[in-house]
Structures are given as C-alpha cells and as structure tokens.
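Take this structure first; my questions come after.
As written, the chain order gives the labels A, B, C, D, E and F, with residue 1 at the start of each chain.
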Amino acid sequence: MRSAVALALEEDLAPLGDLTSSLIPATATGEATFVSRREGVVAGTACALETARQVGGVTALFEAADGARVSAGQVLGTFSGSLRSLLTAERTALNFLCHLSGVATLTAKYVETVREANPHCRVWDTRKTTPGLRALEKAAVRAGGGLNHRGSLSEGVLLKDNHLGEVPIAAAVKEALARWPGRMVEVECDRIDQVSEALEAGATLVLCDNMSPEELASCVALVRAHPRGKARAVLVEASGAMTLATVADYARAGPDLISVGALTHSAPALDIGLDLSCDTAPGHEQPVE
Amino acid sequence: MRSAVALALEEDLAPLGDLTSSLIPATATGEATFVSRREGVVAGTACALETARQVGGVTALFEAADGARVSAGQVLGTFSGSLRSLLTAERTALNFLCHLSGVATLTAKYVETVREANPHCRVWDTRKTTPGLRALEKAAVRAGGGLNHRGSLSEGVLLKDNHLGEVPIAAAVKEALARWPGRMVEVECDRIDQVSEALEAGATLVLCDNMSPEELASCVALVRAHPRGKARAVLVEASGAMTLATVADYARAGPDLISVGALTHSAPALDIGLDLSCDTAPGHEQPVE
Amino acid sequence: MRSAVALALEEDLAPLGDLTSSLIPATATGEATFVSRREGVVAGTACALETARQVGGVTALFEAADGARVSAGQVLGTFSGSLRSLLTAERTALNFLCHLSGVATLTAKYVETVREANPHCRVWDTRKTTPGLRALEKAAVRAGGGLNHRGSLSEGVLLKDNHLGEVPIAAAVKEALARWPGRMVEVECDRIDQVSEALEAGATLVLCDNMSPEELASCVALVRAHPRGKARAVLVEASGAMTLATVADYARAGPDLISVGALTHSAPALDIGLDLSCDTAPGHEQPVE
Amino acid sequence: MRSAVALALEEDLAPLGDLTSSLIPATATGEATFVSRREGVVAGTACALETARQVGGVTALFEAADGARVSAGQVLGTFSGSLRSLLTAERTALNFLCHLSGVATLTAKYVETVREANPHCRVWDTRKTTPGLRALEKAAVRAGGGLNHRGSLSEGVLLKDNHLGEVPIAAAVKEALARWPGRMVEVECDRIDQVSEALEAGATLVLCDNMSPEELASCVALVRAHPRGKARAVLVEASGAMTLATVADYARAGPDLISVGALTHSAPALDIGLDLSCDTAPGHEQPVE
Amino acid sequence: MRSAVALALEEDLAPLGDLTSSLIPATATGEATFVSRREGVVAGTACALETARQVGGVTALFEAADGARVSAGQVLGTFSGSLRSLLTAERTALNFLCHLSGVATLTAKYVETVREANPHCRVWDTRKTTPGLRALEKAAVRAGGGLNHRGSLSEGVLLKDNHLGEVPIAAAVKEALARWPGRMVEVECDRIDQVSEALEAGATLVLCDNMSPEELASCVALVRAHPRGKARAVLVEASGAMTLATVADYARAGPDLISVGALTHSAPALDIGLDLSCDTAPGHEQPVE
Amino acid sequence: MRSAVALALEEDLAPLGDLTSSLIPATATGEATFVSRREGVVAGTACALETARQVGGVTALFEAADGARVSAGQVLGTFSGSLRSLLTAERTALNFLCHLSGVATLTAKYVETVREANPHCRVWDTRKTTPGLRALEKAAVRAGGGLNHRGSLSEGVLLKDNHLGEVPIAAAVKEALARWPGRMVEVECDRIDQVSEALEAGATLVLCDNMSPEELASCVALVRAHPRGKARAVLVEASGAMTLATVADYARAGPDLISVGALTHSAPALDIGLDLSCDTAPGHEQPVE
C-alpha cells in the first residue's frame, strides 16, 4: 500500500511539485472534510491516511472505517494542517478513496441482492482487477461484504476450458491433487456431465459457467447428493456475466458462491469530495465574499 | 509501461507461479486470439505485447492498433507459442486491454456526442485517474479521440475554489504568470464575474464549473468578445458532472473544451476475451504415457 | 528471478565494477564449464542463464536441467565468451546454483527416504525460507521432488497453537471456511482429541505436530475412518523437527504429507565449481607452465 | 536492511494479507518471547525490530544484542501488541533471526577452534553469500567474531588461477598496483614458487589454496622471512574446503587469516522460536459462541 | 527526494557499511556544524535533513533555509548525536548541499546580472540537468531566484530546428495548439522571419536562439507590436551559450526570459564543510579502559 | 547504469510522453550525429547506447569510445531510425554524455599537468560525487586517465581529523588493521609528526592534507626513508583544494597520488550537440531550405 501511494504521488508531483499550491502562503493552514456525495460503502481510508503521511504537514483523521455504509452528505474524515500540503494531497487521496469505495459500493449491491435471494450464497471476486491494485481492490471487495476468490495464479488451481482442451478433466484433477495438495482444485464446467466428471475426480470446487439458472440448479442438486458433497468436500460456484438484474435468479439456484468480475473491472467511482474551510488567522479582517 | 506490466505479473504469479499451467505438458503449444465481445475502441495493445515479452515463450501480434474502432466479434490480435506461457500471460494482458479499451471506448462516446453538437469543442480528461495508471489511462483517452488536460500538478496552474479562498483571483493569476511563465494558468469559476476577473488578470483558461448551459454560453460570449479572447490568448473549459445525456447541451454553449472525470474514474471495462485453439486438434489420438 | 539476479550483481559490482577482471585484456575470450564436485540434484540453472544475460558478453548453455540428478565431476553447463564478463559473472551464478542445488539435493534425500518407507507419503516445505528467495527456494524444492506447502500467509489458513489460544478450534475453522472458502484450512494439533475436533469442524488438513510415530498413526487411523476422510476431504500432515534419521518412522505411520523446514533453512550448498579453459589465440606461442 | 525486510514481508503477505490472523479478533493483544532452543550466537536483531516496525502495531524489544552468546532456552527479546500483527510478523522476523544467527553461530565455532590453535590467526568469510543478503550475512559473520574478506568485486583485487591463465603473476600484480593503488592485491597460489613470485611482485596478500598444513607452514615461513613480510606489507591467507575438523591444523601452520566459505553458504539455521502468552483479560469468563 | 537520498547512502555504504566509523566507540557523541567556506546561496537543506533521518541517531537542524544568501564562514546548520552516525552521514549530506548550493549560487549570479540590466527580464533553466536530479536541481534554481522552464518533455511543446526540418512552423504550431491545448507552444527561431511566422501561427513563446543582442531586440519589437503580444499571449525567450559576460547585453534587448543551460550542467559545487566538535573537550581526563 | 538511464527517461517523459515529437509523422525517420563542439575526452557512450535501447526504434553507433580524445567538430557517433524516438532520446543521451565527458575532460587536464611535473605521480578522485552517479562518474575519471580512490565508505579506512579527535592515531590504525585486514588504512595528516606516527602504526597510505609543497616534500622524504616505505608498504597522497595552477608544484614534491575533488563535483559539461539530417523520403519534393 505504501508503494502504491508513493507511486501515485510521484505521478502527480514529478518533477516540479504542485505549481498551484506554491502560490499559496507557506504558512496558511486549513481543515478539509471528506464528504460522500452519494450513498455508498467506504474503502481505501488507509490509503488516504498514508497519502497525508507521505506528503507531510497534514494530520488525517477518519471517522468512517473501511466497510462503513455512508449516506450522501456524510463526513468521512478530515485533513488538517498546512494548506499547501492539504491541497497537494487532495487528488491522490481522493483517487484512492473514490475508486476503492466504488468497488466496495458495487460489491455491497451484489451482496445484498444475493443475500435476499439466498442467505447461504456468497459473492466473491475474480482476478479481473486493475493492474497494480489487486491487493487494494480485493480488500475493497471485503469491505463491501464480498469474499475473495484466488488472490493469484499461485494460490490455487482453476482448470478452464483453455486448459482442458489439452488434458482431460479426470487426469488434470488427479494431477492437481497430487502436485498441489491442500489447494482448491476447481473445474470450469459448461455442462452437467463435466460437473459429474469433476466431482468423481476429486475437484474441490465446480464452476458452473454460463449456464441458465435451471442448469445451475441441476448441477447443485447433483453435487449435494454426492458423497463428497455430503462430506462438505466440494463447493459450487456460478459465473458468467452476472448483472444486478440476473444475479438473484442464479442465487436462488443454490450455489455456494457467485463470482462477479464487474466488482473490480467496472465499478464506477463513488463520488467523494474534499470541502475546505480555511483557517482565517485571528484579526485577519479582509472581507471575503 | 514496462514496470506496470512487471508489477501486474508479480501480483499474479508470486510466489509459486501459475499452479494450473504447471499441469499442462511443457511442450504443448497453441494459438489464441483476442476477440472483442462488444463494439468499442482499442487501447493497451502495447501492454499486451509487453506482457507476452516478459512472460517469454509467446509471440504476440496485434492487428488492431490503439485507437482502432472494433465491432463485436472482431479479432484484435493473437498470442502464439508455449501453451503454458500463453495461459499464464492471458489474464494480465486482458486486464490491461479491457480496462484501457474501456477508457478509450467511453471517451469515444463523449467525443462523438460532443462533436455532433459542436465540431469545435473538444473533450479532455482530468487528474481523476486510477493510482499508478495515469500515463496509460491518459494515452487511452487519446486513443479514444480525447485530449489530455494537465498530466500532473507539476504541469500547470489550476486555481480552484479551495485555492482562491486564500488568495484573490487577480493576485493569484498575476503571481502564477510571474512564477510559472509559459504555463496554463487556469481559474475555476462558478460565476460570470469571476470569469471576467480571471480574464482581466491574464488567465489562459477559464474553467466554468457547475454552470447551466445558459450561464456557460454567457461566459463564452464574454471571453470571445474580450481582446485577449480575440488574440487566442484564453480558452474556455466547462466541467461539472458531465454525462452522455447532458454533455451535448454544454457543447452547444460553445466552450473550447469539456472535461469529463468519468473517462478515467468510471469507465466500465470493454469485454475482450482470449479464444484458444490448441495445436493438437480434437480427436488427436496420440498416446499419452 | 530477474530482480533477484540484478540485486545479486549489484551487490557484487557496485560501485567500481570488477577490479580484478579489469586487469585482463578486454579482447580475451574463454570457455568455462560448471562442474559438480559432488553427487546431487541441480536447481537454479535459470538464474545462471539470467546472470550471463545481465552481465552481457557471455553465452550460457546448460545441459543439466533443474531436477537433474548429477554425479561428482559431471558437467552441468558452460559459459563462453568474453573472459572478463565470464569471470565477473562466475560468483553470482555459482551462488545461485550452489544454494538452490543444495536445497534440491537435501529435498531429494528426504523424498527418497520417505518414498522407501511409504510410497504414498509426500515431503513438502514450509515458509521457513531465506528472506527474498522464497520463490526460488520453493522451485528448488520441486526440483528435488518435493511439494510446496503454502507459498505465503495469503494462500491458506493454518491455525497454530498461537492462534488457538485466542479462539477455540471449532469456531476458528468455521469462521475460516466462511471467510476464505475453497482454501486449505489446516489445524495444528498436539493431541488426538484436537484432531477429532478439527475433523468435525471441517478442517481440510490436520497437522500432527511433535507427536511420536505411534500417536501419529492413531491420528491417521482416526481420519481415515471418518466420513470426511473417506470422501478425500481431509489430509494428514506430520511435522516437528524431522531428520533423515527419524523421517522414515513418521512416513510409515501413514500421513499424506510430511513437512520439513530444514529443506530451505538448513540445506548446505552443493559444491559446484567453474573450470576455465582460456582460448589461447592461434599462434600465441608464449610458454605457459 | 529496510528493503530486505520489505521484500520478505511482501513475499509473505501479497496479495491478500494474512488469512489466518484475520480470524482473530482485531482488538486482541498479546506478548511473545523469542527463545533460542539451542546454544548459539545471535544476529539479525535489527531485522526483527524492523519487521515489527513495518508490520505496525507491535512493540519489539531485544535484550540480546547481535554477537551475544545465548544458551538453550534463553529469551532474546519480545514482541508485544496487536495479536494479529504479532502473528503476521512472526515468521518473517524468525526467518531473519534464525538464518543470520545460524551464520553467527557457525562463525563462532570456527573462530574458537582457530583461536585455541593459534591466537594470532583470524577467520574471515568469502563472497559465497546468499544472493540478496550479502550485507546482512557479512554483518552476522562479524557478530560471530569473524572478519570480512572483500565485500565485493569492487573492493579489491584477487587474482585466481582463472585470471592467471591469461596474465603472468608478476605482470598482473604490477598492473593491479598501478591501476588500483591502496587496495588489497591478493594472489591465489597452489605452490610455494607462486608465493615467492607474488611476494616479489608486491602482492599484499598471498592466498595459499588447497595446500597441506605443511606446505602452508613453508609458505608462511617464506613470507615472514622476506623484507616485505617483515615490514608488515603482506599477509598470508589459507583456504580450501576448511572444516571444523581440519581448520586447527591449518591455523597452527601460522597464517594470518583463514577463509571459510561455509560460514555463509552452508550454515544451518539456529533454532529460535516465538512463544506466545496471550493477554487473557483478568477473570474474563465471557462465553464465546 | 527520499529515494535520491536512499540511493546516495546505498552508494556510499554497501555492502559493509562505514569501515572507519566502526573504529570509533559506539557511544561517542558529537556535534558538527555545516559551514560555508564561500559566499553563496544555499539549497538542498531538505536533503541533508533527510540524510540524517535515514542514517538515524543524528539530529539535524538548519538555520539557513533554501534560498538564503550566506557569507564565507557562516554556519548553515548542525548535525548532533552519535558520532559514528554523524560521520557516516557527512559526505552524503555534503554532496547534496554542495552540488545544489552550487546550482543556486550560479543561478543567483545570473539573476542579479540580468536584473541590473533589465528588471523585467527573468532567468530560467533548461532540461540540461544531471540525470536523476532534475527535481532537486530545478528546485535549486528556484532557490537561487531563477524560474523553471519545462520540467520535462511531457509538460509543453518546444519546436526546435530538428523538429521543424520535418514540419513547417505554421502547421506544427497549429497541430500543437489543437492536440495539446493550454500548453506552452514554443518555437525556436534563428531568424526574425521565423518569429513572425510563429507569432501568426499562435505560438505562446518564441525562442530567439543564437542571435546577436541587436537581432534579439528586433524580434522583441516585432512581438510587442503584434496584437497577440499586446494581449500578453506570447512571450519572448533568448538562448544560446549565455555567459555572465554576455547575458546583460541580451537582457537589455528586452526579452521576457533568458534560458541558461549552465545553471544545471556546469555549476561548480559551493564549498561547504562540516566542522566537528566532539563532546569530549580537549584535556578530558576520563579514564578509558 | 540501466537504472540510471531508466530514471532519467522517466524524469523526462512522465506522464504524457514527448508532446513535441507527437507532432511529427510517426513514420518519419532520420539520422543524427553526436558532434563535440569542443576539444575534450569522451565518457558516457554506454549511457547513450542504453538510452537508445530503452526508448526503442533508434539504432545507436559510437565511433568514439570512452577515453577517446576528440577535437572540436569531431563526430562521436550516430542515432538513426524513427525521428520521433531519436528526438525523444536526444536530451537524455546528451545529459549523460556532456556531464560524464566533462568529468573525463577535466580529469585529463589534471592528469597531463601532473604527468608533466612528475611522471610517477597519479591523479585520483574522491567520494565528492554527484548523488546517484558515483559509478558513472568514477568510470569517467578512469576514462580521463585518472584513478579511483575509495568507491565507498565500505571499501577502506580513511581516518580524518574528525575521527582522530576521538581516538589516537596509533590506536586507531592498530584497530583498523586488526578489524579490516588487507584494506587500505589511510591517515589524514596535517603535520609531519602525524605522518611519522601513522607510519609507525602501520598505515598503508598517508594523506598530507593542506600542506605546502615544501611540507609535502618533507613528508615524502620521511616515508621513502622508512623501512615500510622501502618495502612499498605505504603510499603518500596529497590533497587540499588542488587547482590546475597549483597541482604541478605538489606533484613535483613527489607524492604517489594527488586527490582532486573538483573532478567530480565541479567539472563543467563538455559541449556536445546532436545534429539531425532528416531522411526525406524518395520522391518527397517539398522545397526545404
């Protein structure tokens, strides 16, 4: 996180620094409040704090923790101190806050929609994250009430059609269990017979991809009836262009998990602003309209 | 760009590498095509090429250059070579392509809408970019036909209300011109009297923020009639929560430029997939020991 | 791997470069062979190749791939080209090769000992790796025929006594399954009643730590008889100061996996040398003793 | 050192953080003591402190400084504070401590063995260090009572047989003294006539490599009798597969220095553990569901 | 700045640290004063403070801020604390201070010479900076009273003869204004007819390169008389091997700005020393064991 | 060197790239020659080649190697290829070439002046280098015919007055020889009695600082007459604000080495330019003056 903030500040300040703030008296101080313009879920407050720390001269304080649900107009926190520093830090802090809160907010919408349809079904993310921000975006998903699928290719096995063109399901699953014991060994299935094959082979997750809710329900039933399903040795995940309009139908089909790429690749930013109230020095009488 | 790709691969491969690809024979080869599932504008092809180069063992070739308009189903390019490498590179290459093409595609929509309303008005971006990706996102805006506002706080002066609470417009502009000669000196204005003040003071851009189209038109008229406007010494920019629904009205009011933060902070990913055709055709009988 | 090699070369060459090689004529060329002085298993050849590439002026070729078993005196590969570059690259290439081959060689010894005692039992590593070299050392373990336990704290759940002082086993496992679905959820057990509790709670691995082989055998029997064991939903791992002298007894007790920290934290380097044969230019008659 | 710790934490925490610690209440606190399970010499305490600092939320305090001799069961220091942070920092701190204390402990054994045989003879290390850890391992050698040979190829001249195949000793030493004045100019010698040649040429160290103790004694006598030896202008070093069993014989032969590659390439880790004592609030009876 | 200091310390301390300071008692403390041996202008104090912070154990305090004019013998600031740390930090801190103060001092000489000749003319720098130090050197120019021309190629358009061989002035300026609105669009001119062409095309700066003061005066007159000149829409810059002997003549010709590459590429270091006063005063009787 | 070039390009191109080159047709090609405007000695050609490599699209070829003496107007090398790339690479390549050739050229002047006065005396540099460029500047000193003093604090012992305030010469030298055997152990002396003390103690270099040539000659005589001097066990270095006007007198006093800080901290850039000759495509008839 520290290096992500350092990189963002470097992007915004190299090589001459903040030209505009240089026009403000070096001794001016102020306080500014982060205000959400919309209802949403907050994420990225640690990045905003770190931005203040790295710029220096600014004290940051957040009332709203990651995961807090906020209403339009609600104050999230404050930056106070050197006015120059505060204005220099503003955009970088906001870029983190708005993007990550956007991810958390969209996640929360999916989570609620799914929970209403099926309280036993959970929403998780994918590896379709913004390059360089995976850790932060996956944390934002958790802030929004979602779970995290694999953090990386290094974390578990997920055999997709592109892999299975080369190796049959049973052989691939067997090899995966032998070489990478203890990990998730998931198989992407387009049809119920593949689910059956994956189950027999020992897969620990079956991913029902691009099925109808009805097909999904059949696959769920198949898994639940199987001895390995009964022994809680295998989970069912659904995926495939989920939208807020369609996800409830899939949830009702009974999978354990639904993955939604949009959480991280298409979440619009949450609109958060920084409202400044300058410290007018005592006795400073100048009329300001 | 090289370091952004290296960072993204590191995120996806550390520390054990691609567990799933390790299950595929090391000698298997394949060819895969990048196919756009939607109409859009392409950006990020250099990142996809660089991903292939860094992973190694994959030859990448793109037919569609950055800025190309593609239709649903159109092939953008190919990865060919080691199947393991190709599958390892897939998600990282796609994460860049989908995100940056998303930015280019949304930009193109704004650019077309504005151009139809006023061919002399241009769309440009803001500093509301994803941390760590500013250079790439700003290039994607250009690929989409947009222009780039300031690259950073170091590039020009933009006096916003937060700055102007501390220093009057005339004094701030004069100081900016003296200390940072040759740069843009832009003033954010909420009212036409501020535009007038900025104009007199020597600002080189006036930013009409959160005005109605009618107010904007008045400001434009004021600027055009002024000697500095006639001498092409000052441009008018409009901003403030532009949407595809409202931007045409603003364009018709006659500004030189309209800035749209959503281009970089809220563009949904363009849906691009990688379709694999393994070199071993189906029905291949070769004995596998 | 590239950055590890770059770091190692930086360590050895900053700031003045290789003083000794500067005394050799810039045009001198040579060929040198990497020769193992002992029997062992090779790992780290990619690092040696990368060292040659980064130093420049040297062509590297390895006959022995990672995982190859070599005998004392066997040639692993060659560096040829500029004599200066070759001598500059020598120590860095060897430091990688000797250390990583040492890890692979020790791993192979454990793997063989275990396999003879119980062909169904596998050896894997721990997170007790040398700082900065985890990816390379875990690859060396694979080269030696071992498997990899968790790559990092981010990859799976392993509840140790230090965690379980704060939360009871059943509650912790339940929470782990809910928050991190699909991952390994392993419980470190000192006593058979803990194994039983972990099994019931849904753990996917039970770690029998510091038990006698007899206690371990009882735990294995318990797991195998349980419905979740029968459904292949849970594995048994043994750990605790394994040595080459004691590991066979543990293997015979029947666990699926035995973890050995020494593979990465205490493997002596494999003794590999670089033997040079200078190219004496044709007609170069000077008597060399 | 800071970057080595940052790299090690990155290895262990990316991208999702510590899954297991996330299951512990965020407010739980504890204190843990670093305890040596074996007798040895401590090194790497600064790395452990830095690990605590970078993870945050943990206060670290070490009683045993680098170089301290500790007995089995002795407490080296403590981590106290957030239980989550403490458990997250544990393995990284231990990986540094155990490895570097292992180097210091093995060094101390060689130093004592040599000192008993010849109090004027010193032990030093080589460039056979673990890639990326040279500075830390060389500091650990000092903690163990050893000295440091060249820090890098940039620090001094050491003409080995591979160099001397191309240039005669006398010419090489003369050139070295001319181009790199003030530095060590050492010559690796297999035979006493080479020592003689190096001495005449002005070498500042002669390295007697792979000789018998008797041959070494002859070389030492030759050097001591030479005017440059009498003027303290040249030192004698012995090397060549030293072991704890053979090193005393070499020390008694009278060299100034003995170099031992094993100090850094083959030191087993010192077994140090972290023993936790959770802060169970006084009398807290709270039922945990 | 932090990374520049870290890099400089790494250069000076890797891999074994400060050998000489290791000979001083670890507990010795001292205070040292930075004293300018010559008259000059100070810059780089933040780097000296940061050096102390990164080395640790040293408290730094600067009386002279960046931009302060100091006389020979004047104290700039102090380092106090651990004598080892203080001596380790000395050279790195001085290397920054002396180089950057050298830039500021030379800048101040140009600024004064120009100001006396023409109070409306300003001196600014070029992109001819020392690789890796652009931000710091450009800040030192400001400390010396100069201004900053473009921070980078990314900041504005400057069409030189090398560009204009390929595209005519009018077309290039038009394209620049269209693609990069709001930026400086400067044209390098060797002759007055090029100035005229640039003016008509809409350039915002004209760079009169390698002209005589008389030619420059003609160009200035041309610009001032033009409507765009009257509207303050275009500035005149002079360049071309300026020296302290010739720059006044150019200033009197009336340009707005004069650029001087020597400020950053040929400024001699300002001679600043660090004078130590150990805490143990001479005559100290304390027994040293 | 690679990272220094990458850093310099990053400085000059982030975040929007080269705005001006973007105005040139992407397909235009050209060839440009590096021409020295002054007599001097070349250094930094590897940096220029690396700059071309990193920018891409440019082929670089240098006729003049580092260390070559060139006359005014002499061609050093060429860049050919994409005109955009060539112009983008120009300034970065020149910044390295001009600065490093400046160091080499000033070094060569000192070397020649000293050689004429005393062919046995050599010139070397100090640690007063530009932060971040030590390796490159020290290589430029060698290109100019100079030698390199310590590369860093880690390379050898140099006891200055600031150290010797705390520890007496004899004790410090003895400790240095014991703890850092084989290294230079140099003592800074202001008076001949200190030289005597350093000699007796076993110093390997004595640094006569700020003495008159006569005092220096006395010290040289003292050293040459001493048994350790006769055994070539100690060298004499002179230092102290050497100029081209005074250095010959010091050289004639007979020291082995003279150190000159100005070589790296105050060398003016060598004036080198890049002259472009565009490739006018065949049949491209446009009149170009």
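Keep this in mind: contacts are C-beta pairs under 8 Å (C-beta built on N, C-alpha and C of every residue); 3 or more make two chains touch, one makes a residue touch a chain.
Because the structure is predicted, anything quoted here is derived from the model rather than measured.
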If a chain touches chain B and chain D alike, it appears here: A, C, E, F
Chain of greatest Cα-centre distance to chain C: E
Contact-richer chain pair [C-E vs B-F]: B-F
Per Cα centroids, the chain farthest from chain D: B
Option in A-F, B-F or B-D whose residue-number contact pairs overlap D-E by over half: B-F
Mean-CA-position distance for chain E and chain A (Å): 44
Euclidean distance of C-alpha centroids - chain A vs chain B, Å: 21
Chain B, residues touching no fewer than two other chains: 11, 14-17, 134-135, 148, 151-152, 154-156, 179-180, 183
Contact footprint of chain D on chain F as seen in their complex: 122, 124, 147-149, 151, 154-156, 179-184, 186, 202, 204-205, 227-228, 230-233, 235, 256-257
Residues of chain F that touch chain E when the two form their complex: 4-5, 7-8, 11-25, 28, 30, 32, 47, 83, 87-88, 90-92, 94-96, 98-99, 102, 127-135, 152-163, 165-167, 172, 175-176, 179-180, 183, 261-262, 265-266, 268-269, 274, 276, 278, 288
Parts of chain A lying in touch with chain D, wherever the complex brings them together: 134-135, 138-139, 148, 151-152
Residues of chain C defined as touching chain E within the complex: 11, 14-15
Interface residues, chain B side, partner chain C - complex: 14-17
